[in-house]
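What follows is a group of structures, each given as C-alpha cells.
There are two complexes below, and they share subunit A, which is joined by subunit B in the first and by subunit C in the second.
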Partner chain A sequence: MIEAENVHFSYPNGIEAVKGVSLTVQDGEFVAIMGQNGAGKTTLVKHFNGLLKPTSGVVRVDGVETTKTTVASLARNVGFVFQNPDHQLFSETVEEEIAFALKNFGFERDVMQKRVDWALKLLGLEKYRKTSPFLLSGGERKRVALASVLAWDPKILILDEPTIGQDHEQKEKLRQFIIQMQTQKRTIIIVTHDVEFVAECNPRVVLMKEGKIIADGEGKNILTSAETLTDASIVLPQVAQVFQQLSNSTLPKNIIDIYEAKVLLCKALECKRR
Partner chain B sequence: MSVFDGLKFRKVHSPVHDLDPRVKFIFVLSVFVIAILFDRLLPLIALFLVQVPFVVVARVRKEWARSLRGASFLAALIFLSNFLFAWWGANFKATPLMVESAVTLTLRFVVLVQSFSVFFLTTSPDHLGLALEQTRVPYEFAFAFTTAVRFVPVLAEEAQTIMDAQKARGLELEKGSVLKRIRNYVPVLIPLIVSAIRRSLELAEAMESRAWGATKKRTNLYVLELRKGDAVLLAFTIGLIVVSVYVRLYVQAPTVTQLLGL
Partner chain C sequence: MPLVETKNLTYTYVGAVSPSIKNINIEVEKGEFVLVTGPSGCGKTTLCRCFNGLIPHFYQGTLNGEITVAGLKPTEQPTYDMAKHVGLVFQNPENQLFALSIEKDVAFGLENLGYPRAEIRRRIDWAMKLTGIYELREKSPHEVSGGQQQRVAIASVLAMQPEILVLDEPTSFLDPLSAERIFEVIRSLNKTLGLTVILVEHRLDLTAKYADRMILMDEGEVKLQGSPREVLSREEARLIGVGIPKATLLYQMLSKEGVKLDGPIPLSSDELATQLKEALERV
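Now for the complex of A and B:
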C-alpha cells in the first residue's frame, strides 16, 4: 500500500512541482495518473520508490516512510519503468540487461536464469535473448525495459508513459498484461496522457493539474466529465465524445467502454445481435 | 550538478552581460595567466577581490557562490595534497609557510574557477558563438563549440534521469570499494554516451533539413560591436597585466608568514 500525506516537493531550482498531494493506493489497485505535461505526475510517482523525498509531508510504502530507507530496498517491492528505455539500457545482450537488477538484488544464479527466461517469454523477447538492446526498435527497447523490471516480480509496478511509441497491437498486449498482473493482486500505477488507452483499461483515475490532484475516482466518471478534463487539458475519449454529442437522447453520458456503448446503441436502434 | 549550475547562463540584464564576449574572454584569459604568474598569497587575494565587483554588478552572486561551493571539494583536495606532500617532503615537520603555500595554490584554483564562472554565467552561448565567428574561427568549429556548451546542462539533466532509472533497478552507486564504485557508474555512462550520440545524429539531420551549410557566406542577425564599456574593460585588463608583470618582476610581494613574523 502506498500512502502520500500532504506531499510537497520543490526541485533545487525552486520550482514546486508537487503542491500538497494526498493519495492512498491500496494493494491490488490499478491507478492511472493523468494530466498535462508539467502537471507533476512523474515527480509524484518518483516519491513512491524513494527516488525523490518529499520537501514536506510523508510518503509511506507498506507502512515504511521513504525517508527512512534506501531506493534499493524500496525498489525490491516497487518496480519503476521509466518513460525512455534509452535511459537505462546498457548491457551487451537483452538477457544481461534483464539480469542486471536481479544481480543487484542478490538473486541466486539458477533463480536468476528462471526469472530471465520467464520475463523474456512474457514480453515475447525470446528471440532477442542474445541481441544487443541497442539494435532493437524503439518499441522493442521499451519492452526490454519493462521485462528488466518485471523480472524481479515487484509487488507494485509503476509505468511512466508505457504507451508512447507503441503500436496498437503492443498497446493491446500491454493492456492484457496489466489485466493479468491484476489477477495476481499486483498494484499497478501508470502515468499517461493516452486517454484512449485509459478508457479501454478503465482503472481508477487520478487527475493532476499544476502539482495538485483535481479529481480522483472511477475512470468511467472522470473520463466523461468534460469540464474536469478540459481543466486538465485532456480530451474526452472518443466513445465518451459520442455519448456527449447524443445529449438529447435518453442515453447515459458516462460511457467509455466500447462494448457497453455498442449494447446501448443497439438497444436504442433496436437492432438485434445476429 | 551544482558545478554545472554555477556555469549555466541565465538571461539577466546587467552592464557585465552587455559587454562584448571577446573582451570579456581576454579579461578572463588575462586573469588566468596572472593567476599562474604569481605564487604568493597576497597578489592572488588581490586578484580574487578584483573580480568581486563583476559578480556584484552582474547580479549573479547566488550562482557564483554555487559554482564556488561546487569547486570546494576539488579545492580541499588541492589544499590537502599540497600540504601533505610538503609535510612529507620536510620529514613530517609542518611550518606556517607550508600552510600558506598550500592556501596559495588553492586560491589560484579558486580564482580560475571564479573567472570562468563569471564568464560563462554572463555570456550566452549565442554570444559566444558570434564572438568565435567574428574572430574568424570557421563557422563549423564555432557551431560545434557553442553546441557543446549548450548541451552541458541538458546532459547533466539526462545523467540524473539515468541515475534514477538505474537506482530504481537496485543499483547502489555509493556501495563497495573504490574500484567497485567506479564500476557502478558503467550503467550510467553507457546510456549517457549512447543517447548523446543518438542526439547528435538527430541534431545533424534536423540541421541539414534546415539548410545548414547551404551557402559559404553566412550572414548574422546580430553583429558584435565594441562599445564604451568594452573599451573600459580592455583598458582595465591591459592595466592589470602591466601592473602584474611589473610587480612580478620588480617588487617581491612578501608572504603573509613574513608579515606576521611567524
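Now for the complex of A and C:
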C-alpha cells in the first residue's frame, strides 16, 4: 500500500512541483495519474520509490516512511520505468540489461535465466536478445526498459508514460499484461496522457493540475467530465466525444468503452443483426 | 517534379543482419501533408534519417537505391546544406538540445548559417511564440519537462523555415491539448506557407484528420498508400496492427452490424457524431 499525506515537494531551484497531495493506493489497485505537462505527476510518483523525499508531509510504502529507508531496499518491491528509456539503459545487450537488476538482487543463475527469457518473450524482444539496446527503435527501447523491471516481479509497478512510441499491438499486450498483474494483486500506477489507452483499461483515474489533485475516481466518470478534463489539458476519449455530442438523444453521456458504445447505438438505431 | 522522391531505397545499419528499410518508393509533392505510420520498429525513423542525409553521413551502413530531396541528393550533399531545406524533429528531444538556454538552442541553426542578428531575433521570437515557449527562453533546455523540450526542438527547426518539415513522433511527451495545439500550428503553416510536412505518428486519433495522404509501413516496406480514409478502411491496415482512431473503428463495427450511416468513413469524433445525429433523427 502507498500512502501520501499532505506531500509538498520543491526542487532546489525553488519550484514547488507538488503542493499538498494526499493519496492512498491500495494493494492490487490500478491507478492512472493524468494531467498536463508540468502538473507534478512524475515528481509525485518519484516519491513512491523514494527517488524523491517530500519537502514536507509523509510518504509510506507498506507502512514504512520513505525517509527512513533507502531507494535500494524500496526497489525490490517498487519497480519504476522511466518516461525516457535512455535514462535507464546502459548495458551491452538487451539480455544483460534485463539480467542486471536480477544479479543485484542475488537471484540464482537458473532462476535469472528463466526470468530473462520470460520478460523477453512477454515484450516481444526475443530476437533482440544479443542486440545492443541502442540499436533498437525508440518504442523497442521503451520495451527493454519495461522488461528489465518486470523481470524481478516487483509488488508495485510504476510506469511513466508506458505507451509512448508503442504501436497498437504493443499497447494491447501491455493492457493484457496489466490485467494479468491485477489478478495477482500487483499494484500498478501509470502516468500517462494516453486517454484512449486509459479508456480501454478503465482504471481509477487521478487528475493533477499545478501540483494538486483536482479529481480522483472511476475512469468512466472522470474521462467523461469534459470540464474537469479540459482543466487538466486532457481531451475526452473519442467514444466519449461522440456521446457528448449526441445531446438530444436519450443515450447516456458517460460512455468510454467502444463495445458498450456499439451495443447502445445498435439498440438506438434498431438495427438488425445479420 | 516531386519535392521528395525515393527509388528502391534500401538501408542496413552497421551490425544489423537485415535491412531496416527495403525498396522504398515514395513521392511527396510540394505542400503535401503526409502521415507515415506503422508498427514499432517498422523503419519509420530510419526513413526520416534519409531525408536530411543523416543516413548515410552520420549513420554508417549500406544504402542502396536513390533519393532526391528538394532537387538535391542527400547522399552527396553535406548535411548542413540539406538542413537549409529539411528540418528534422527527432523522436527524443534530448538528442537534439544542447545549448545553455532555450533561446540559444533555437538560434543555433540560424547563427551557423550566418543570418544577420535582427533576422535571427525575428525568426526565433516567431518560432518560440508559435510553440508556446517564449516565456521559457532564458531557461536551460535540460531543466524543462519532456513536453517542453519537444516544443523547443520543434521551435528550433521551425526557426530555420525549411521547405520540408520532417517530424518523428514530435509530441509523444505532450499532453493531448498541447499536442493538438502543436499539430494545429503545423497544419496552418502547411496551409498558409505551403510547408511540406512528413509526420511520423502512431496516434492516428490525433493526426489522421490533418493528413492529405497516409503511408503505412510494415517490416521496412511501404504496404499501403492513399488518403487516410482509403488506408484506414482497408482490411490490411487492421491486420498490420495500426491504431485505428476509435471513431473510425466504431463506424466500422456499426456497419458490420448493418448500421448504414450517411457519409464517408469518419476520421474524427466530430465527423462520426454528425453522421450519428442524422441517423438518430431518422429513427
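The rule is simple: the second predicted complex is superposed on the first by the 271 of 274 C-alpha atoms of A that agree within 3 Å, B and C clash if a C-alpha of one lies under 4 Å from a C-alpha of the other, contacts with A are read in each partner's own complex, and residues count from 1 in each chain.
Note that a contact is a pair of C-beta atoms (placed from the backbone, for glycine too) under 8 Å apart; a residue touches a chain by one contact, two chains touch by 3 or more.
Predicted model, so just to flag it, every value in this text is computed and none were measured.
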item	value
Clash or fit (per the criteria above) of subunit B with subunit C on subunit A	clash
Touching partner for A:K46 - first (subunit B), second (subunit C), both, neither	first
First (subunit B), second (subunit C), both or neither touched by A:Q26	neither
Touching partner for A:V149 - first (subunit B), second (subunit C), both, neither	first
Partner chain(s) touched by A:S137 [first = subunit B, second = subunit C, both, neither]	second
Partner chain(s) touched by A:F105 [first = subunit B, second = subunit C, both, neither]	first
Subunit A residues touched by each partner, larger count belonging to subunit B or subunit C	C
Touched partner set for A:V239, first subunit B, second subunit C, both or neither	second
Touched partner set for A:S56, first subunit B, second subunit C, both or neither	neither
Touched partner set for A:R76, first subunit B, second subunit C, both or neither	first
First (subunit B), second (subunit C), both or neither touched by A:H168	second
Shared subunit A contacts, counted only where both subunit B and subunit C touch the same residue	13, 84, 86
Subunit B-facing residues of subunit A, complex	12-13, 46, 49, 51, 70-72, 75-76, 79-80, 82, 84, 86-90, 100-101, 104-105, 134, 148-149, 152
In the complex, subunit C residues that touch subunit A	13, 15-16, 38-41, 45, 91-92, 94, 143, 145-148, 169, 172-180, 202, 205, 241-247, 249-250, 253-254, 256-259, 268-270, 272-274, 276-277, 279-280, 283
In the complex, subunit A residues that touch subunit C	13, 35-38, 42, 83-84, 86, 132, 135-140, 143, 161, 164-171, 193, 195-196, 199, 230, 232-235, 237-239, 241-242, 245-246, 248-249, 258, 261-262, 265-266, 268-274
Residue ranges of subunit B touching subunit A (in the complex, touch as defined)	5, 158, 161-162, 164-172, 186-187, 190-191, 194-195, 198
